[in-house]
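After this come two complexes, each holding subunit A, first together with subunit B and then together with subunit C.
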Partner chain A sequence: MQALLRELRLLLRQPGTLALLGFVLLTATTSLGLGAREMAAQQALLARLIADDRAERAAALERADDWGDAAYHAFVLTYAPPPTLAFVALGQRDVAPWLLRVRALALEGQIYESDRGNPELALLGRLDYAFVIAFLVPLFVAALLHDLVARERDHGRLGLLLATAAAARRLWVPRVAAALLTLLLCLLAPFVAAAALLEVPPGAAAAVMLIVIAQTAGWAALVLWFAFRPWDAARIASVMAVIWLLLNLLLPLFAKLAIERTVTSVSGAEIALRQREAVNDAWGVPKEVTMTRFFRQHPEWAATTPVQTPFHWKWYYAFQHLGDVAVADLSAAYRAAIRRRDELSAWTALISPAVAVQRALTRLAGTDVEASLHYDARIRAFHTRLRQFWYPLLFDDVPFARERLREVPAFAASATPPATTPGSR
Partner chain B sequence: MNAVLRIAAAELRYWRRSRLVSVTFGALLGLMLLSVLSAAAHIGEERRTREADQARTREHFLAQPARHPHRMVHYGHYVYRVPPPLAVLEPGVDAFTGRSIFLEGHRQNSATFAAVQETSLLARFGDLSPAFLVQAVAPLVLILMGYGSVVRERETGTLIQLWTHGIRPWQLLAGKAGALLAAALLALAPVAAAALWTLVGHRDEALPAAICLLADLLYLGAWICGVLAVSSRASRRWTALSGLLAGWLLVVVIVPRVAADVAQASVPVPGMTADGLRAGAALRAAGDGHDPRSPAFAQFTREVLARYGVSSVEALPVNFRGLVMMEGERKSAEIQQGFAARRLAGEAAQARVARRFTALSPALALRWASMTSVGTDLAAYHRFLVAAEAHRYEFVQALNRLHAEALNYADDARRSADRTAEQRTRIDAGHWALLPEFDAAPAAPAARAQAATAPVLVLAGWLTAALLLLRRAARALGRAA
Partner chain C sequence: MTTIPALHAERLSVERDGRRVLDDVSFAVASGEVFALLGGNGAGKSTTLLAFLGLLSPAGGEARVLGQAAHAEPAAVRSRVAYLPEQAAVYDHLSARENLAYFTALAGTPATSAAIEAGLDAVRLVTDARGRPARSYSKGMRQKVAIALAVLRRCPVLLLDEPTSGLDPLAIDEFHQLIATLARDGVTTLMVTHDVYGACKVARRIGLLRQGRLVANFDAAADGDIDPETVHRAFVREASA
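This part shows the complex of A and B:
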């Protein structure tokens, strides 16, 4: 303990180390602040849009004079609210849409619409906490520890310090501990403060801290393995730079290239085209054919009054649904391909700690690919609910009653996507 | 001159003996080759697929049977974003933007199916593109090769020997710089080859390609001067290396991200969903073109009747319902285009904020220069969006004009209830040839080159600054000698 205190005092007397620790504190705090600001902005936008959506729907339905027309104009806002921990890892939130207004028409013609942010900013990336932990922590650790031994050798003190093996242990263990503890303090203190402020559940906060500690410890082990080689500090530093680049950027990018080539996702363009053809062909197909096919999907409406006129809303919504049915397999394959790529990228975590940390943190934060697929599934479920609201009104020929338009279902966001354990490193 | 060459040759020999340098430089060369080949294959494939998709959807449109023209307005059309040929050098925002847009009447849709949504979290790690390697990896390799170049001679005492042999400080630095420059040029060779290869099919892209390579050279040149300046002023190799690595981290990794965060925070852009909600009231006030009796078209109706000198819409020589469709589309497009223009202007303002950070990071300036010149920047994407909307408006209004001119008003009004009237509102399929070809050619090479002037000047500024640093370092060496 005394040795640790001595090392801490020594550490804090070095201006270089102090500057580094200050920089760590600054980046960690900035990244958390920026993340929290971004999430607050998304939260505020969402609150405003939910209110606007309700008002807009009411206004849009004012002039509706039958159910079909009302359903045509009744867009409902669906959304994936920023999860509590999203400020830690923004993940896919600036590239995968989290807002979409849908109506009872064919969903496959609506669900790929994407309200996405500025692509040039997405290209640059974000300085979120996950980035600091995944990419910068290794460099911080290396900066603190790579010349642990070399420094003493340079000063000619090494022989003296290492007179005995016990002396060596007494020297290095507290020194490394002091360096890592101060680093962790600078990384974790801002996070703990932010977590307390933003009311992060203790379990989730502990998981984030565990990831930070694991990442720091893992890199410390790697750096120390080189630090104890009889090399000079510059050589160790350059080797560390190369390893950092290889593990954190080059290997993941190779993996990405390989994954994209192995899992060729079904072309989205194909889904869109086929869906449109299916919907439009219905106008040229005898209505009985369309209705029979629809009743195969929804036998509960088969006994309702048949469609007689050239245009009828029953028939319109029937062929809209058949448009979705026509591409259901393609659409499922498209999502399966995305999921498959995501699963394959998980293997990259075995060779790249940065991928492991990013995956674990975005998973915890509910901002990963799984979360955007989850939102996709929620939109689909809600669309079914929307159809189920309109179908009885349309098919049972219920007389139009304006006050019932208030019953159009609203989208209810689930809390966070299914809680999952953080990926292992 | 001879002395300069001898020093450069000695530096090359030193690198050959260093395992770390040979391995990293070899790896950089290998990666360059790989990335150029893979980018060429990928961009070529994307271009072919999207051009084929475009041709196919046009055929679909032309092959539609005889029907009511407004049905074609809702049948709609797809346009595809084809990456420019030089995207091989710098894919830019390509992966972060939708590949196709569905165009239909009354509505403006978004660009859908962006690659970034289909490629897992690894997409956020960037791209193994030639541009990424030049911006991020090449400087790091140059640092590893050059950080010790002068300070090493100082540490081993050979610097004094050089001075006693009559070598002047500028000769020493020029020799070392020459060696690093040779390495940089070798690393850029695959990029130059890819640029030349692209020019085979697209000769008019020569100027943008040259600007790209010039920007790469200015950027790597600035790094070389910076590395040498630090190396000659440092007292120990370790100090030089750690200083340079910290600089690299800031310039390449941290500043661009801070730029994005600051830009995002300083210019709020509410997005398409928010705009759609805000546009609702204005669109309703403008009137729905499907409903000619809407009070929103009362004024328009009076004007039309006055223009034709008739007293009722039934007496018009054209189909009034078609005229209302045209008028409704004109008004709704104007409202939506207004929102879209504000949104695009907001994004452009964000990009301008991010670009101010080029004063802190030449890597940002390089990316800006190459994206702008090859046509994969935000402006090029916006150009596609604007072209798509113009295309949409053009064919929708052409169909609405047919609706007004080729259809009988009485039939049109009765078509939902009367089967024979409905039959008469179907017009010949030959009309669908009115669909114009979608022309989303990128901005002219000369225009892109001009737009790239600003970032190229910024890079030239960085090179000048680095040269000044190097001159000061040379003077300091001179005093020591």
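This part shows the complex of A and C:
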């Protein structure tokens, strides 16, 4: 302990080191602050939209005078509220939808209205805590430790230090420990404060801290391996820069390119376009043909009274439904491709610590691809409930009764993605 | 009863980068004695000191400090040896007092403020400078800080690498007085240097190294005072051989 205090006192008197630690503290605090602000903004927006959604739907239903009209105008807000730890890793919440108003029309066009081209590895650049830990911590560790020995050698102190310390470990062990402890303090203190303020469960907070410690320790081991070579500081710094570039930027980039070439898929925008084309084309298709196709999907309503007027909601919802059917395979393939790319990117984590850390933090935060797909699945499930509510009223020719509109399904949020099932990742 | 020499190089050979830089060197330094090793660049002077510190392992023979083999028991040896490297570099951003507090703590013998002042008094570092960052110190002042460390640690053995290089004549004179004082207190000193006249002034015995071999010895006890001119001629002859 005395040795640690000795080195801490020395460390905290070095202006360069103090500036670096100050920068680390500022970066960690800023990233957490930005993350928390983004989550607060999402929560505020969500609260406002939930209130607006309720009022707008009530007004729309009030104006409706038949089931078809009511279903057409009754949008329902679906959403994935920010998980508690999302301020740590914004993850897919930064690139994929987390709220969507849906109605009983064709779904695929609604879901992919804004194409979610969510490349699993394209998370570079966002200054959230996960970015700091994944990409900047290696640089902080290198800046702090790369010249541990070279600095003393270059300043002519190495001989005096080694001779005075008697055993080298009495010098280097506390010195490295002091450097890493102060670095971890600057990284973790803002997180602990934020976690306390935002009431993060202790287990989740501990898991984040373990990831930070593991990332710091792993890079420290690598940097120290070079720091104890008889090289000058510039050479060690250059080698570390190359390793950082290779492991954290180039390898993930090449892996991403390889994954995209290996797992090809149409885009969400393409699916939305094809679905809309199918729906638009349906206006020119004889109604009997459309209805026959629809009854193949839903034989339970094959006995409904035939559509004989130029426009009828039953026909309208039938071709909307068939629009989804037309692109169902594409949509399933697209989601399978996203999942497959995510599975392959997990292999990238084996060669890139940055990818590993980012995946671990987004997984922990519930902002990873799995969470995004979970929200997608919840939208689909809810849309099915909407159809299950409206279709019997439409196709069974139930007389319009305004009081039934109070039974329009409401979306219930769930912030927690389902447990990972074997083979799903 | 046989007295163990404070420093004993016994057929010491050291190789660096596959090259033999110290070859079968033998000498002994008694307790309280000042011994100087002279030699040109690359003669093996600094290597000898590093071998006594256990920072270089011998390819043959051994370097013993107070009876302990330096390469076998480096920690025990270094705890009894104070080393003053050629560039007596201390931490620039710390004052003399703070440097001494740090280095004595590193040695495992933390000094009190009073002891630090006494150590700085012993090396006659001006009082005004003691609280200033060492970046403002001259080389002589830095060396005084390093020697104060040796004083504070009360090490029985002092290893000095080119201690007077870059010092002004007054600082050299002060330094020689300091070494003489330490010797009177029983501190054994091994000093490696280019400075023939300085070595003759402070040391009672001098060895001359050439290309890793000890080629001449001068002993004040046997020869009376060591004549600097004689040593200088030998130095030049060996350096140009």
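Note that in this section the second predicted complex is superposed on the first by the 352 of 425 C-alpha atoms of A that agree within 3 Å, B and C clash if a C-alpha of one lies under 4 Å from a C-alpha of the other, contacts with A are read in each partner's own complex, and residues count from 1 in each chain.
We take it that a contact is a pair of C-beta atoms (placed from the backbone, for glycine too) under 8 Å apart; a residue touches a chain by one contact, two chains touch by 3 or more.
Every value quoted in this text rests on a predicted model; they were computed, and no experiment measured them.
Here subunit B and subunit C are compared by how many residues of subunit A each touches, and B touches more. Contacts of A:Ala332 after superposition: neither subunit B nor subunit C is touched.
In the superposition on chain A, A:Asp53 makes contact with subunit B only, not with subunit C. In the overlay built on the shared chain, the residue A:Ala166 is in contact with subunit C alone; subunit B does not reach it.
Of the two partner chains placed by the overlay, only subunit B lies in contact with A:Leu257; subunit C stays clear of it.
Of the two partner chains, neither subunit B nor subunit C is touched by A:Leu18. Look at A:Ala241: by the touch rule set out above, it reaches subunit B but stays clear of subunit C. Common to the subunit B and subunit C interfaces on subunit A is no residue. For subunit C in complex with subunit A, the residues that touch the partner chain are 50, 53, 55, 74-76, 78-79, 81-94, 98, 102-103, 105-108, 110, 146, 149, 153, 159, 161. Residue ranges on subunit B touching subunit A, taken from their complex, read 20, 23-24, 31, 38, 49, 53, 56-57, 60, 64-65, 67, 71, 74-76, 78, 80, 92-93, 96-100, 102, 109-114, 116-128, 132, 136-137, 140, 143-144, 147-148, 236-238, 240-242, 245, 249, 253-254, 256-261, 263-265, 268-274, 276-278, 280-281, 284, 347, 350-351, 354, 364, 377-378, 381, 415-419, 422. Interface of subunit A with subunit B (complex): residues 27, 30, 34, 37-38, 41, 45, 48-49, 52-53, 56, 59-60, 63, 77, 91-92, 95-96, 99-101, 109, 112-127, 131, 135-136, 139, 143, 147, 150, 232-235, 237-239, 241-242, 245, 249-250, 252-257, 259-260, 265, 267-269, 272-273, 276-277, 280, 283-284, 309-311, 337-338, 341-342, 344-345, 348, 354-355, 358-359, 362, 368-369, 372. The touching residues of subunit A, when paired with subunit C in their complex, are 2-3, 6, 9-10, 13-15, 155-157, 159-167, 170-171.
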